[in-house]
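Two complexes are shown next, each including chain A; its partner changes from chain B in the first to chain C in the second.
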Partner chain A sequence: MALSIKEMREKIDSGSVSSEELFTESVNLAKKYQDKYNPFVTIIDKYEIDKSSDSNLSGIPYALKDNISTKGILTTASSNILKNYVPVYDATIYKKLKEAGAVLMGKTVLDELAMGGTGTTGHTGVVKNPWNSERLIGGSSAGSAASVALGIVPFAIGSDTGDSIRKPAAYGGVVGFKPTYGRISRYGLFAFASSLDHLGVFARNTYDVAMVMNVIKGHDERDMTSLPDDDKNYLDTIDNEVAGKKLFYIKEILDNSDNDKELAKVIDNFSMVIKKCESLGIEVCEESIDKDLLLALYPTYMSISCAEVTSNDANLTGIHFGVRGEGNTPEEIIKDARTKGFSELIKRRFVLGSYILQKENQEKLFLNACRIRRMVVDKINDLFKKYDGLIMPAASGIAPKFGEGTDKLSDKYLMLDNHLVIGNFGGFPSITIPSGFVDDMPLGINITGRVCEDDVVLNMAYKLENTMDYVNQVAKDGEIDV
Partner chain B sequence: MDKETLKMLANKLMFTMKEEEYKTLMDEFDIILKQMDLIGNIPDIDKVEPMTYPFMLDNVSLREDKVVDELEIDEILVNSGSNLYNQVKLPKVVE
Partner chain C sequence: MVRLMYKTVIGLEVHCELKSNSKNFSTARNSYSTIPNSNVSVVDLGFPGILPVVNKEAVKNSIKMAIAMNCEIPEYLTFERKNYFYPDLPKGYQITQFKHPIGTNGYVMINVNGEEKKILIHDTHLEEDTASLDHYPAYSLIDYNRCGVPLLETVTEPCMNSADEAVAFLEGLRSIFLYCDTSYARSDRGQIRCDVNVSLMKEGDTELGTKVEMKNINSFSSVKEAIICEVKRQSEILDKGGKVLQETRRFDEAEGVTYPMRSKEDAIDYKYFTDPNLPPIKIDKEWIEDIRKSIPKLHNERFRIYTSEYSINEKDAYTIVRDKNISDYYEECLSLSGDPKLVSNWLTGSVIGYLNKYSLTIDEIKMRPKMLVELIDLINSGKISGKQGKEVFEKVMDTGKEPAVVISELGLSQIGDEETIRGIVLEVIDENKALVDDYKNGKRVFDYFIGQIMKKTKGRANPSLASKILKEELDK
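Presenting the complex of A and B:
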């Protein structure tokens, strides 16, 4: 299989393959790889399609992250507290895909409640990297990234609060796009941190991402943060000339004065990508940003996201929905449900969020984080007056091995492994595309653009990916014979 | 960070943690609070207006105040662990 959406479309339209055959093949692949890589919470056997649509996605199989509401289909957010939850309404994104004739074949594993970036904390087990099962795929949209990397589906939907689409896309050698904040309705997405949450798309090429975006974007009166539709067809401009565009990278984030060997390989790859940009006529310049501001990116993200999630997830009581606890009073029942339903990691995040929101800490930890957020966004918007976008490596290296330690106070971790949060702070459209390999593991490059210029970002990414050899690649772990 | 403060916060959040989990939490807090110190390194931060959303949304307007019954009672109750007479059932609060 491992066909792109475009290829599937052509085959369905020519009659050489049916939508149902594609669905069956997708489900069979999912079952084949489930034991080894664990991408799915639920694999959907039943072929259901709205045949009234003639959209590009009609008849195309796909997967949804399991924090997106699907009426009548188990939706767990990969948490024990929701392990029995069957939604009674559809998320807008699911409704749009259904109406476009796309065929849902599975709900994918995430880090519990979308918190975490490893793909190791879902209640049904860890998701393994399809390029090497000794390594993680990253998260939180771990199963969505893995299902696309494995060639099970041509596209999958994920959510992204810090980098939860764009980092696993890099580790999985696929494309991951988070559009402008509000471009896709979040009605029916289980909230993590509302001011940072986005929905987005994984695929194996940027053209496919644009095809999906054309269907799922648009205004939704059920989401008060939803933008008016931009009334653009992203395919119309995806192949536009990019000569004359200007990108910048941030010098401080790529500092390797410690001579880190893996980082050196990442920087070599980045230099290669810059040459590819230049071959397209894109000018790439170095810019400088105050290092203290960059070092504060990750703690700022942690402060804001943990504070918001502590409040958002207060509705997980096991009373109206979720697994009910035991006890003689409502309070005992809620406490029991939350004690048994959340993993240790989630509890630690909640405690941190609550600490940040205590009256005596609010000014120093929460409001100052919100102030840094503004300073970062203002600085980037200022640079966007001169440049069409920011280009950076998506991470400091290849996907880590399970259990590999990280120095969480190092400059490398605080800046290069977490700079993608800039896209969430400012709601900027942001895409990761594959850019090469180190030790047989994929690397990704990220382009982030101006708010509401989703089409420009897709255009630049499309042109750039077509100068490299990684379009439509499928993972090649030793035991895969795709 | 002391354990009693963390226990108080867990209690407010309506869950309990095991004793050994507090050790991990305290170790993690040490790192996180050092990271948080980085927030304090920024000069003149107090002169900046806190940002709570990525950008100004100028399309936000209140919807018409119309009554809309979107879900049936049966649907609402289907995920509740216990219900009676079309209501979610809980132990008595007032004896």
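Presenting the complex of A and C:
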């Protein structure tokens, strides 16, 4: 049985296991599963630890998504254009983890440049779902989700621009938390859409998430969007009573007048969760939001994120770093590097973003998207005056099979599969925890709370997960030999 | 002279690198260096994951300039991205200001051939400089030292009508930078550069003609030449009944002609949008006031005071205010109760002559204002002669010793006491009795006597007093 951070901590402290042994076991597991599930771009063999720290994470092995800058360690963002890129500086989050004595054992696969939600577009191949290798794990933090679900590491760091932590967490049956925007410094996170980008944590229980958060949060003078320190220890409040808290769900998103069978199972699971909430004394109410606004979530997200990413990824020219293109002029060299370095999906987003930002389109496509984002956030903040949080199924169903996805923009897809972007629009703290199974595949539930109330969200999730049987679960394949 | 039919309209975009310890958005040093790529950070190089942090000092210097140019300053500053691909721009975008620039609707007064003119400032905004490229036949080299250096871009309205006005504005603007101590503004180091927009309109027309932009002109003399040659080119087109194309042209300094670079159709859409990494920055009113108080009297104001209150001629006044340090030196002399005119004469004559001879700045010379005032006083009060003054001046410049010390070391202090001089005069007459007769017979021996007196006193006798007493004694 894979150990949690808390359990590892106790074992290290009692001397029954050394951190090096934990590291070696983690690396061995990674190597064992790599061929079948492909969670890693790089597995780090060398045990390196800053022993000066007495933090909770000292000696704990972990994995980082491969879009986080690690000095001297290949960091590819799962893109061909960066397949040879070795950073010369450390991301703040990596620095903090290193200083806390956590031991990096691998860099995980993502959807190319963190764009996409399938875990199938990385330059080193698709990431498979540890519960069923015919299914995807979701993305973009695919490898981080898989490595935690497989029990390789007790925690992994991911990034979340639309739902890139919280969706794969649901598909992988693990906990995925994205804190308030600015709670964790983004310095060193390869930008996708800067106004929506968050770093966050995967673990197999919420207590572990809080332990990691205590280390990686905090103001950073290198990131002007980072928040002042909240001077909180999230473990202090994690077991607080939650009776009297109020949550809401959005009626329009859970509408199943089409009698979709898959959706019915999700709603059943959701009803079960609501009962658990009520057993804790949390009141759950139904609220209504203009359906047009909800249908606009996905296009709004696409407009803003594509616009920002066209600009953010303009540094990938192969001139200063990365794979150099060929040609006789700088323009030719850049063009060649970008033509060969990006997959078609990425190019499509760049073209979209460029179109959206064009002078003649910007007002209609970009600025209007920014206004809709504001309207959504205002609406949610308005509801947050009455409620402590929003509770929703994390996805419209279990992890899809490879190739199962469609291009059809159904209401279900537009709303239930994309409502998690609300958390990115408003920078709200948002957590997905496992809530059960359908067809032997995990489902997840999401709680999103008020800005800066990371502690409250963790507290509610912790209490709720302890009413269910999925704490510390490891993927089915993770327990049997492969 | 068909060309007189056209009125020239000029607008300028002036880029000037600001002084600051570190770069505009990174911690790399902002300092001119001839060693390529020695002042560079990961942020300047646009590595994946980097984030910009606004340099408060650069913002302060920009606000200072905005105030000095009489601009309105917004409550919140925002920074926008200007997106384009070029190897001198590692991030693929330049952080600049588009929506809420640091200053808008300002003006700068200039003086051209004795006429005052108000040059309107559309806006002035803070941005980051690009890297510099060196092109060779088979390759190009990139130096990132300049990349990310804070750059203040000042955009005028199209309100200048001659090359002289444009140059007067540029000199005035540079002077403001220097007086505010916000830039070194050295064009030989590319610290001040200029884009020039030129259009012609027929006399009497109300609508502006088609504008042609000339980019990145380094020296003010080139700006002048570029305007003159572009006005000539455009008027020739119009004379022939042709149409001026809206385009960007490059001025070739060596050949003195402009070449087309790109047409309006090829104009780049920079897709400006607010940089999500830089939240709006609130500018406190108090801060603005503090900055306002730190701005010294500018050259225009000083010029006015020197010419009208001190009655210094315009040429000398201009010579003094052209360099703030010289002007500060001058004002320090006056604060030590130096006479405005005498100090001005010494400063624009001997002192600046000395600076030019030895290629020094006024801060580098050993003659401090107190010494110059003392020297002038010594001459004025007759303690030493004007001629001796020159000698003392050189000595003070060489040694940095107080004039009084130099005078006593050289044994120079003038003998102004009548009794002493009379004694010496009598001595000399006594020794040259034969010549007294020559004098009485009208021979020109007076100067010989003076020479002897000076010899005896080692030149220290007050010449006019000696002359007066000698005459008295000889005429007896």
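One rule holds in what follows: the second predicted complex is superposed on the first by the 474 of 482 C-alpha atoms of A that agree within 3 Å, B and C clash if a C-alpha of one lies under 4 Å from a C-alpha of the other, contacts with A are read in each partner's own complex, and residues count from 1 in each chain.
One rule holds for everything that comes next: a contact is a pair of C-beta atoms (placed from the backbone, for glycine too) under 8 Å apart; a residue touches a chain by one contact, two chains touch by 3 or more.
Only a predicted model underlies this, so the values are computations on that prediction, with no experimental measurement involved.
Look at A:91: by the touch rule set out above, it reaches chain C but stays clear of chain B. Legend: residue contacts after superposition of the two complexes on their common chain; A:69 is shown touching chain C, with no touch to chain B. When the two structures are aligned on the shared chain, A:311 is found in touch with chain C, with no touch to chain B. With both structures placed on the common chain, the touch criterion links A:359 to chain C but leaves chain B unconnected.
A count of residues in chain A touched by chain B and by chain C gives the higher number to B. Within the superposed three-chain model, A:321 lies in touch with chain B and with chain C [touch as defined at top].
Looking at the shared chain after the overlay, A:191 reaches chain C, while chain B stays out of its contact range. Common to the chain B-facing and chain C-facing surfaces of chain A are residues 85, 88-89, 195, 221, 224-225, 310, 317, 319-321, 330-331, 334, 354, 358. The touching residues of chain A, counted against chain B in their complex, run 84-86, 88-89, 181-182, 195-196, 219, 221, 224-225, 227-228, 292-293, 295-296, 298-300, 302-303, 310, 317-324, 327-331, 333-335, 338-339, 342, 344, 347-348, 350-352, 354-355, 358, 364-365, 367-375, 377, 408-409, 414, 424-428, 451. The touching residues of chain C, when paired with chain A in their complex, are 42, 45-54, 81, 83, 85-87, 90-93, 140, 269, 271, 273, 275-279.
In the complex of the two chains, the chain B residues touching chain A come out as 5-6, 9-10, 12-17, 21, 24-25, 28-29, 31-32, 34-36, 38-42, 45-46, 48-55, 57, 59-60, 63, 70-71, 75-76, 78-82, 88, 90-91, 93.
The residues of chain A lying in touch with chain C in their complex are 67-69, 75, 77, 82, 85, 87-89, 91, 186-191, 193-195, 221-225, 307-308, 310-311, 313-317, 319-321, 330-331, 334, 354, 357-359, 362, 366.
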